[in-house]
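To start, the structure under review is shown below, and the notes come after it.
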Amino acid sequence: MDFSIPADLQDLSSRIGEFVRQEIVPLESDPRWGSHGPSEEFRLELVGLARARGLLSPHVRREFGGLGLGHFGRAIAFEAAGYSMLGPIALNCAAPDEGNMHLMAEVADARQQDRWLRPLANGSCRSCFAMTEPMGAGSDPGLLETTAEQVPGGFRISGRKWLITGAEDAGFIIVMAKQAGGEKDGAATMFLADMDQPEIILERQLDTMDSSFTGGHWVMRFDNLFVPDQDVLGAVGEGFRYAQVRLAPARLTHCMRWLGSAVRAQDIARDYATRRTAFGKPLVEHEGIGFMLADNDMDIYSARLAIWHTAWVLDQGGRGNMESSRAKVICSEAVWRVADRCVQILGGLGLTRDTVVERIFRDIRAFRIYDGPSEVHRWSMARRIAGGKH
Amino acid sequence: MDFSIPADLQDLSSRIGEFVRQEIVPLESDPRWGSHGPSEEFRLELVGLARARGLLSPHVRREFGGLGLGHFGRAIAFEAAGYSMLGPIALNCAAPDEGNMHLMAEVADARQQDRWLRPLANGSCRSCFAMTEPMGAGSDPGLLETTAEQVPGGFRISGRKWLITGAEDAGFIIVMAKQAGGEKDGAATMFLADMDQPEIILERQLDTMDSSFTGGHWVMRFDNLFVPDQDVLGAVGEGFRYAQVRLAPARLTHCMRWLGSAVRAQDIARDYATRRTAFGKPLVEHEGIGFMLADNDMDIYSARLAIWHTAWVLDQGGRGNMESSRAKVICSEAVWRVADRCVQILGGLGLTRDTVVERIFRDIRAFRIYDGPSEVHRWSMARRIAGGKH
Amino acid sequence: MDFSIPADLQDLSSRIGEFVRQEIVPLESDPRWGSHGPSEEFRLELVGLARARGLLSPHVRREFGGLGLGHFGRAIAFEAAGYSMLGPIALNCAAPDEGNMHLMAEVADARQQDRWLRPLANGSCRSCFAMTEPMGAGSDPGLLETTAEQVPGGFRISGRKWLITGAEDAGFIIVMAKQAGGEKDGAATMFLADMDQPEIILERQLDTMDSSFTGGHWVMRFDNLFVPDQDVLGAVGEGFRYAQVRLAPARLTHCMRWLGSAVRAQDIARDYATRRTAFGKPLVEHEGIGFMLADNDMDIYSARLAIWHTAWVLDQGGRGNMESSRAKVICSEAVWRVADRCVQILGGLGLTRDTVVERIFRDIRAFRIYDGPSEVHRWSMARRIAGGKH
Amino acid sequence: MDFSIPADLQDLSSRIGEFVRQEIVPLESDPRWGSHGPSEEFRLELVGLARARGLLSPHVRREFGGLGLGHFGRAIAFEAAGYSMLGPIALNCAAPDEGNMHLMAEVADARQQDRWLRPLANGSCRSCFAMTEPMGAGSDPGLLETTAEQVPGGFRISGRKWLITGAEDAGFIIVMAKQAGGEKDGAATMFLADMDQPEIILERQLDTMDSSFTGGHWVMRFDNLFVPDQDVLGAVGEGFRYAQVRLAPARLTHCMRWLGSAVRAQDIARDYATRRTAFGKPLVEHEGIGFMLADNDMDIYSARLAIWHTAWVLDQGGRGNMESSRAKVICSEAVWRVADRCVQILGGLGLTRDTVVERIFRDIRAFRIYDGPSEVHRWSMARRIAGGKH
């Protein structure tokens, strides 16, 4: 049992923290960070800043230009990056790219890694991940309707996807589709495809509560898109299994990044509460405010320990399904409470974009839903508990 | 003891409900409803629709063209109007105008009522209310810094105001300022002033979480603005007392309108949960979802009863300070929980502007802060409880 | 819409309040109030005190010696009585007798009313209600296992019942049993029976968290008990319907009584918080304490309004199923939070029986379970909401 | 960073778990475990069982006959022991003895350790700790009223103490008193004293919600008790500092033991929910129940991680004031929620002593108050946060 953080990770955390505070935070008011996320141009500029500091892609293997961190290392690095919502974008470890890199590192073949993972890993392009559909194939994969018809030399993909993050300006896409007919009828497969094809149609950009994902969220359509056999990601019919390979760690890296944002919100709220006066004393000397800061502290602490433990389990080679579900619910709800209390502490100011807390609040709300709503994870945990598998 | 709603109010409620569903809800996707609220042009169009139905200004005395409802009548009418966030705007009973009309009906003299209340009451202009300041003179009135210097024939007002709702395109303003020097040094007074004066400077429109107030929220400045004696609202030095006259009922009408929005969110969530399927059965048959709908129902019910009771107390001539504080906290927190649960029930859809729930959620969050944050009301209630005055 | 309380009810409330404060509260430390409830001897003494004041059986028709109150009247009277947990016992309006009286007034025939309701109504005997069974036939009536075999002239009842409140020293019992065989196989029927029969066996008194029910809670058995046809309560096969007749109002009277206890706990906590000092000022001037008192106040208020409204619905002749489920959940959870906060405010003292708060806390915890656990009511409400029936 | 548990501790945990399940759990229904805790005779029997297994006093240095565990080792061992509330009593690591042993190991001199710590460490006697007073000198030490008057050769102690746990049948006591007059007027000192002295008067045993402390809780009085200089514990005037030495770890060991009880409650609730059926399926397949089990799991997990981390900080030599406050609030509130949900899952059964959950529930409620109520810890944390010291 040892809670100490290795010196190299402490150092990395300091360097990321310094970078974020010095170079990224001042850019938070850049108008290129709009209501549908930072623009691609802005993103490239941010990535350039991190690259110049040698901080790019902490989670990526060194051979692909990253820092080669394991899960616990990511916990340390991503929390530091998340201190600004633009930090993970700068470090090229934001969703959905970070999860896609992880997935491709695990299941893509050498050719695919060379063609798609390499530019993604060095931040020169973005990717998206198309699983969720209008009728619900997100939480419940059984509802998948997009089809992949086997044709000579490959597959023809058709169907509509929904809430596809980062679709605009992405270089390529990973699509989940269900085999229609044939021997593997109903089996789900993942496919890689360049985005600049006429059969991939971006129908509509969604207006959403959150605003930190580059490229925003889209409704999109595949209109008989041909994907050659060599662009199947991993093996045919293994789509759902790969989704799990991607999801458990991806869920956890979301937790890491949002934890950083919660720490930021708490810092802003604490500073305000110590500076600002009401009814004759600093806000922080009102128990009503002080208790909220203390609750925030406990929530941040509990979230961090859950992340660290789950990362450690993954680093030990565990699949961490129970742990990552648990960490996802604990963290997403903890950071949500933190953000909500920070808005409350800031009062009227908290409702304005004069601090970044307002944005954190809206973005963090979304995290109780994506990567599995709390209810789905609770149910999945309940079944494990009932079965004694935990 | 009688919980029945008089037939005329039931009828009015039905008519408003029908109007909102038929004419207002379809306009919710009008692009003129932007992130800083509906435009003035759009507002005038909405007002025209309500006027055509004879539903304008339900809270205003008949002599000024309204429907002459008391507090309980408003509870019924405003909830029905609030079913769309644009409903109260159409009916000319949105904040801050509605509270300003109430205040002016109570304390303005006949000339002032004729000049400012009349056009406000018939919806042809808007008003704003300038009390809150950058350093906090909202929750804690002791922090008021804007000054009114007595000069021959009137006052010279200087100072900065903050979060002033609806300042853009408003016809006139009610300003709270503190007498500087003289016999009444430090006493607060309210002043009426037309907005089109060069000494009234709109400095900056704030980007805010909410988006339902026409004209948005502003930082503004008074730069030695002259207000003649006859434009003092009520008596000199009575500003804080008038603020109470305005606030208790204004707080309650906010509750009424937001209750309508909570009912709307619940309807949308319930419809979705009955239509949509996950894991082999309609969402609503999952206890996790069903319980949320039940909790929403209880919150809506408790909020409504608190509003009705408080309105009844006001109708009996009570000042209702304890009741309106209590109702404000009960309702603002109840409707907030409702909105939050509805987002969760809708899942990914709840995060998008494809339903109005996303907007309700953001707007309702603000209500836990304005018109007195929950903490200030809890403290005020605690002192009454401690003193046995409740 | 009228929230005023008629003068006669206000007067009754005052008289009950005075009685409880003067005569009942001082008896709360009587050792005859043990961990299994007050003894029968003590109960009779308490009943005698209320009888002397003319306050006995407020809910019972005048012809049976009661005060003839409707549901709203009971709301006023029972809250006042509940200020001491011994108050409802003194006034002969405690559970399960009060619910049994209500049921018998509705469905018993004249002979049965004369024989069993009359002595129950005047407080000279007690009754019990045997529905719940060890395997769960409480929340889910489908699990009923006790059988009633039709035999010449009546029925033979066999089965085990569980958590039967007040079984010891009760004069008679109402038993729910399921017809075994015959035309009405499976239909549930209610039976009346005197307790002093050898075929009724009290097996074991349960040690329970609560301690306010006279006679405690028992595991009991019917061992081929003969009940003549004339002692069927109402009609054969109508047991479940009668259970509803009994339950909706019985649930609500529990709310009324526990509301009184919550008010008591709040009074004790407030008095302590105003008298007691910590860290240089009275407890009540600490926001952490003041906020709890304010939250208690809001919970008490919301619970009371829900009770009043539901009672009004019942007085109008409504079945009030939705309302009574809602009121049950709202009240049981609200008074529970109140009791929990009061323990916390009292600190170490709250953990001791030096104040009655400790007992209220334990008894009120049980109310989230009996008469339908919160989860069952939430589910029942959800189905109504989904079906649009609310 | 390493979350693995050393093999020897894993083994110890297994042995304790086995011991508790095999030998202690069956004794939970022993009538000698009454409402004021287990009797001294019963305690000695329990201690004998643990001694026979070589499991006595895990926290005590080997030279005094213990197992010599550090803080993290205690976390593992005490959680396992706490699986039965009688487990820590058997292992001689229950409060207040365990905290007293810790304190005496730190500050008592060799003679004192030999005379008092040795028999305490081997379980042949018990001790008590007298700090709390009727007027509040628990949370707020400034309120201490018990006096120690310096007299030739020692001190004369007078005053009343309240909620003194385990006073009955204790062999000795540690008393906190405030110097009256003299150079060190007002300074607090701790004194050791044998209990069998006529100047130590047990006035009254308190009836309390909890029932797991041997000897119960007492109001007691010191009536001019003489304590010779050599029985001052540590140095004169260091009482408050020693209280901190005792409290931070003592708080944490409470967390460890109650965590074990929460695990037990969860096991009982899960077993019930998998066995028991309602509305046509096992309880656990109802989301309402499953979600509660999942929430319990998350609470247990968060509490455990907070304990482990805090123990690690203490093992590193940190004072752990922030950590132990945080862990105390996190754990006491988490295990409380677990116990409350378990009662709810068990339904009517949860209200009876037929499972130990009812007792756990009542005992755990007390833990939100003793060793610093949540409010005091939140406030203390808030001040550290405000000061940037965390």
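Per-chain residue numbering starts at 1, and chain names A, B, C and D are given in the order in which the chains are listed.
The criterion applied here is as follows: a residue touches a chain if its C-beta (ideal position, glycine included) is under 8 Å from a C-beta of that chain, and two chains touch if they have at least 3 such contacts.
Since this is a predicted model, take the numbers as computed values, not measurements.
Student: Show which chains lie in contact with chain A and also with chain C.
Tutor: B, D
Student: How would the chain A/chain D interface be labelled, same or different, where same requires over half of its residue numbers to be shared?
Tutor: same
Student: Distance between chain B and chain D based on Cα centroids, please, to the nearest Å.
Tutor: Once rounded, the distance between the two centres reads 52 Å.
Student: Rounded to the nearest whole Å, what is the centre-to-centre distance of chain A and chain D, using the mean of the C-alpha atoms as each centre?
Tutor: 42
Student: What is the distance in Å between the mean C-alpha positions of chain A and chain B?
Tutor: The separation of the two C-alpha centroids amounts to 37 Å.
Student: For chain B, give me the residues that contact two or more of the other chains.
Tutor: Each of 286-289, 291, 375, 378-379 in chain B touches at least two other chains.
Student: Would you pull the chain D residues touching chain A in the complex into a rising list?
Tutor: These residues of chain D touch chain A: 1-6, 72, 270, 273-274, 282, 284-285, 287, 289-291, 293-295, 297-298, 301-302, 305-306, 308-309, 312-313, 326, 329-330, 375, 377-379, 381-383, 385-386, 390.
Student: Help me check something: in the complex, which residues belonging to chain B touch chain D?
Tutor: Listed in rising order, the residues are 286-288, 291.
Student: With touch defined as at the start, can you tell me which chain C residues reach chain D in the complex?
Tutor: Residues 35, 132, 136, 138-140, 142-143, 162-163, 206-210, 217, 276-280, 286, 288-289, 343-344, 347-348, 350-354, 358, 361-362, 365-366, 368-370, 373-375, 378-379.
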